[in-house]
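Same chain, two partners: chain A is paired with chain B first, then with chain C.
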Partner chain A sequence: MNPFPVAKITFEELLKEKSFIGLLTLEVFLLFVSKLISNVVAGDTVKVAMDFALSFFFFTVALYSVFVSVGSTFRDVSDRVVYLILSKPLKRSDYVIGKFLGCTLAVALFTFLSFFIVTSGILTISSTANLYVPHVVVVERVFLLSLLVFLMGVFLSAFGILFAILFTSQVLALISAIFLFLAGLELSPVKELVVSSKYVSPVNKLIVQIAYYLFPNFSLFDVKDYVVHLAIKVSPLFFASVFIYSLIYTSAVLLVATYLFDRREL
Partner chain B sequence: MGVLVVNNLRKTFKKNSLLGFKKEEKKVLKGISFEVFEEIFGFIGPNGAGKTTTIKVIMDFVKPDSGEILIFGKPNSDISVKQNLGFLPERPYIYGSITGEEYLDFCADVYGIPYYERKRKFAELLELVNLTGVEEQPISSYSKGMVQRLLFASTLINDPDLLILDEPMSGLDPVGRNIIASVMKMLKEKGKAVFYSSHIIQDVERLSDRVAIIVDGKIKLLDSVANIVQEFLRGYVITVRKRGSSSLEVLKVGVDELWQLLERLKSEGYEIISVEPDRLSLEEILVSYIQENRRAG
Partner chain C sequence: MKRLLVAFLLVVVSIPFMLKADKSKPRVNEVAPVLPYSYSQVLLSSPGLRSPAADLLFMNLCYLTGNDVFNRWKERKFTEEEWKRLIENVEVIEKLDPYYFDPLYYLGSYVPWKVEKNRELLLRINSILLQGNRRVKDWRLPFFVGFNYFYFLGDKVKGAKYLKLASQMKGAPSYLKLLVPRLYAESGRINLAIAVTYEELKRAKEEPVKKELKRRLKALIAMKELDRALELYRRRFGKCPSDLKELVKSGIIMSIPEDPYGGKFYIEKGKCSVWTTSNLRPVKEPTSSR
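Moving on to the complex of A and B:
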């Protein structure tokens, strides 16, 4: 198995894509927007600004992961780049895994740079406010959030590659991945609502519970509250379990993607 | 045994009808067989005849319904055969954002070419296709012909024994076509096999040792260019001049009557200026097969 050449060229290609710099620039712009919003909203301005900045960070990384994975894989097939790659002594699984690793590297760099942008922004916002914010704790918590956001990006990249292989339309693949992400974010509240309701039948509750465990749960990666509200504590076990969850789920998605790509006529 | 053996290849594409109820079937390959040795083998046919599908099946991008493909004596699905094979698809494309050198680096990574050998190897390949000095520029700044030449050069990075090229000349200017043609000839002289499809018949006629004509998924003719030319010889065109006269006369004669006529002309005091074969060109032969197929179908 030799997925590294594909990973390397994918990473090189993605770094030079306009979307990389474009979305990072958008993040800087959204930091200013967060500050402006915090000025007009009642409450703790630093917390409100942080909340918006982290939400923008979370969604920007998600969008970047979906766009690069779907776009890059889909383009390879539609523009026949895949012929050049698979004419070499590489298995189709090398291609899928290599593509995934290349996207993962790009998402890692994007998240890392985003972490710097967002942290710098938050520290600047908090230093201009009159409230005391423990900077070390905030940076540490934003870093932990960034790790989870990176895992989410990796998870989404696997789905992006799967959908790019599965669908013959790039728009359909993109929309499906974005819908999956949005649905996966709202999974926990829906499950809680259904399970606690007395108007829902036990069978329907069971179906929702099964769907909850089968469907990718993107809300697990959303720990913005932990960063914004310093009183909230999260056990290290939670981070470990999210890591294992995304590792197993991502592997399963990649396995399906490889299986489908192996059988696809190019 | 040939370097590439294609035996009774059949392929049907299934297409869903408008409502998806009934699948339409189109037989694209109807029992294709041929063998490629250490030679330049041209694969010609009209659009939709099955040239690209045959190549896709050979490259294992598409699975055939039935038939056998052997490359260096091994099934084409065996990944190890690609270690010694070069392939250029039709209208090739590669990421515009990377440089030519980065793409060659990718190829070198795949074949495990050591870093210390790469600079020399890249320089040799780029010189071969007249692209020296552009390797550090992004591919988006290359012309279409330059991209094609770069990707052609990249197929040679592993020094393959078999080169499979799908329409390597299309989209190239005469200089580019000449470069590709001279590299193909050079490879043949080195004992390599080149299998290529083309619709530029003059190039096929000029370059190939053997030619297969595919029409409607079937091989209609497979022979050496020399034999085909001989087979489709209609006669000769003789240019003569009467002794003492300044005007030329052109005569047409059948294959069997040539020597007889030459003797007679000589005895009648004619000076023979030239004798040229009057034959069908490969293009005319291809067109005749297409028309014959249309009449039959």
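Moving on to the complex of A and C:
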């Protein structure tokens, strides 16, 4: 038996969840918030609205990925669905992979719909703004950001499943995944500050550098500035590197998750 | 249903107490000071939110400046220390979002007028503007730097240098091309002024600008010749002539050239150099009243 039936069931189950439609509605609401905030600032209001709208988009996809991966895996165990599934001729590792694929599909759909909402929103804001110099919105750039945000969501889903297997409390797993995400976002700035500081000891610098290499670096997926400022250029090599990095790291996390799930007492 | 109604009524009953408590709540001083923000603190406290953090800092800055401009705090205006913090906060904003133009525009167009006596702060503003100009390619940034140098700091040579930089950038108005040679000429660097004008003339495409540059070049060359004649006179007689006519009388020049702007060339007493009453700007004909 292969993991695809589990993936299909997971995907269908996740679409029925309230969090899917709830977070999409929240995103529409946050678009209005972005517009309101931008009205307060002097100068390029479209830039400010985009900054906020894209940040909300970025964090909503991250939250959705964590919620669905942790929630879905935990529900299977608490509702004892997992016994039913594993009574079939299916390896435990296939179950984990299936779960992951199902979450990936849900994250893909969520990201696509979010991309549609955010793009329509910022295009409307930009076309209705009264600026001396219009702020040009390049949809291709928003799409590239969405692709990276999707990769980040997939990456986070893998961690969500790992934490759901690792911890016996759902709240603990959720908090751990969210903190891991925030820490992964801070990694580059922390390294930048620590390495350039003369007040940090060489040992601490070394620890930070090791953490920088080993810890998942979520700041790589954050290219909001590239969407907002057209003067910023990004090479295709960057996108290829991020894709390969997330693919390799996600595989590693899934390997650990399958290893732990094989040994977990249910 | 009854319970829900009671719950709603309880909330309504609590409102006057909330209002009373809110009124009697101890307030902090309403005169908001300009707080210094540290780049590392803002960066670490806003993971993945560098740009929105920069936006919020700029909003705060505009709000505080607005209060100062419209005299909302009747008892005081910003102190010099607060202007300094404000400038430092713009630096933090630019570190957080290096492509953000509006804070740089605010810094260049408004703040120098408020700190015009403080040389150190003016130089700091210029350094932030030049740093910003590495990424934000807008002619207004070197223009502000040039303006600060020649207007507030009295350094016409540096002023001309940055105005020249601004005049060569996309979108710069054509009058900048004329302003640069004038600043060089005013600072006594006529050779440089001629070279810059000649360079601009080669580059200019619009006919009115070309015409203006030719007129400027003609005036500058005349000034250069008069300067050379003054030097000769000084060497021969060991003093500066009191009038340009003395140059003609002594046979150094045949006649005093005409200023193409309609002014008259004269000798600046202290410097023993030539300048014109037109200030290198077209002299307006006096309108005759009937």
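Everything below uses one rule, namely that the second predicted complex is superposed on the first by the 257 of 266 C-alpha atoms of A that agree within 3 Å, B and C clash if a C-alpha of one lies under 4 Å from a C-alpha of the other, contacts with A are read in each partner's own complex, and residues count from 1 in each chain.
Keep in mind that, in the parts below, a residue touches a chain if its C-beta (ideal position, glycine included) is under 8 Å from a C-beta of that chain, and two chains touch if they have at least 3 such contacts.
These numbers were taken from a predicted model, which means no experiment stands behind them.
After alignment on the shared chain A, the placement of chain B and chain C results in a side-by-side fit free of clashes.
Touched residues of chain A, counted separately for chain B and chain C, are more numerous for C. Of the two partner chains, neither chain B nor chain C is touched by A:V200. Once the two complexes are overlaid on the shared chain, A:L86 sits against chain B while remaining clear of chain C. By the touch criterion defined above, A:L147 reaches neither chain B nor chain C. With both structures placed on the common chain, the touch criterion links A:L26 to neither chain B nor chain C.
In the superposition on chain A, A:K16 contacts chain B only, with no contact to chain C.
Of all C-alpha pairs linking chain B and chain C after the chain A fit, the shortest spans 26 Å. Taken together, the two structures place no residue of chain A in contact with chain B in one case and with chain C in the other.
Chain contact summary for the complex, chain A toward chain C: residues 37, 40-44, 47-48, 51-52, 55, 58-59, 182, 185-186, 189-190, 193, 218-219, 222, 224-225, 228-229, 231-232.
Residues 40, 43-44, 47-52, 54-55, 58-59, 62, 97, 99-102, 105-106, 135-137 of chain C are the ones that touch chain A when the two sit in their complex. Across the complex, chain A is touched by residues 56, 59-63, 79-80, 82-83, 85-87, 89-95, 97-98, 102-103, 106-107, 109-111, 138, 151, 154, 164 of chain B.
Per the touch definition, chain A reaches chain B in the complex via residues 2, 4-5, 8-9, 12-13, 16-17, 79-81, 83-84, 86-91, 265-266.
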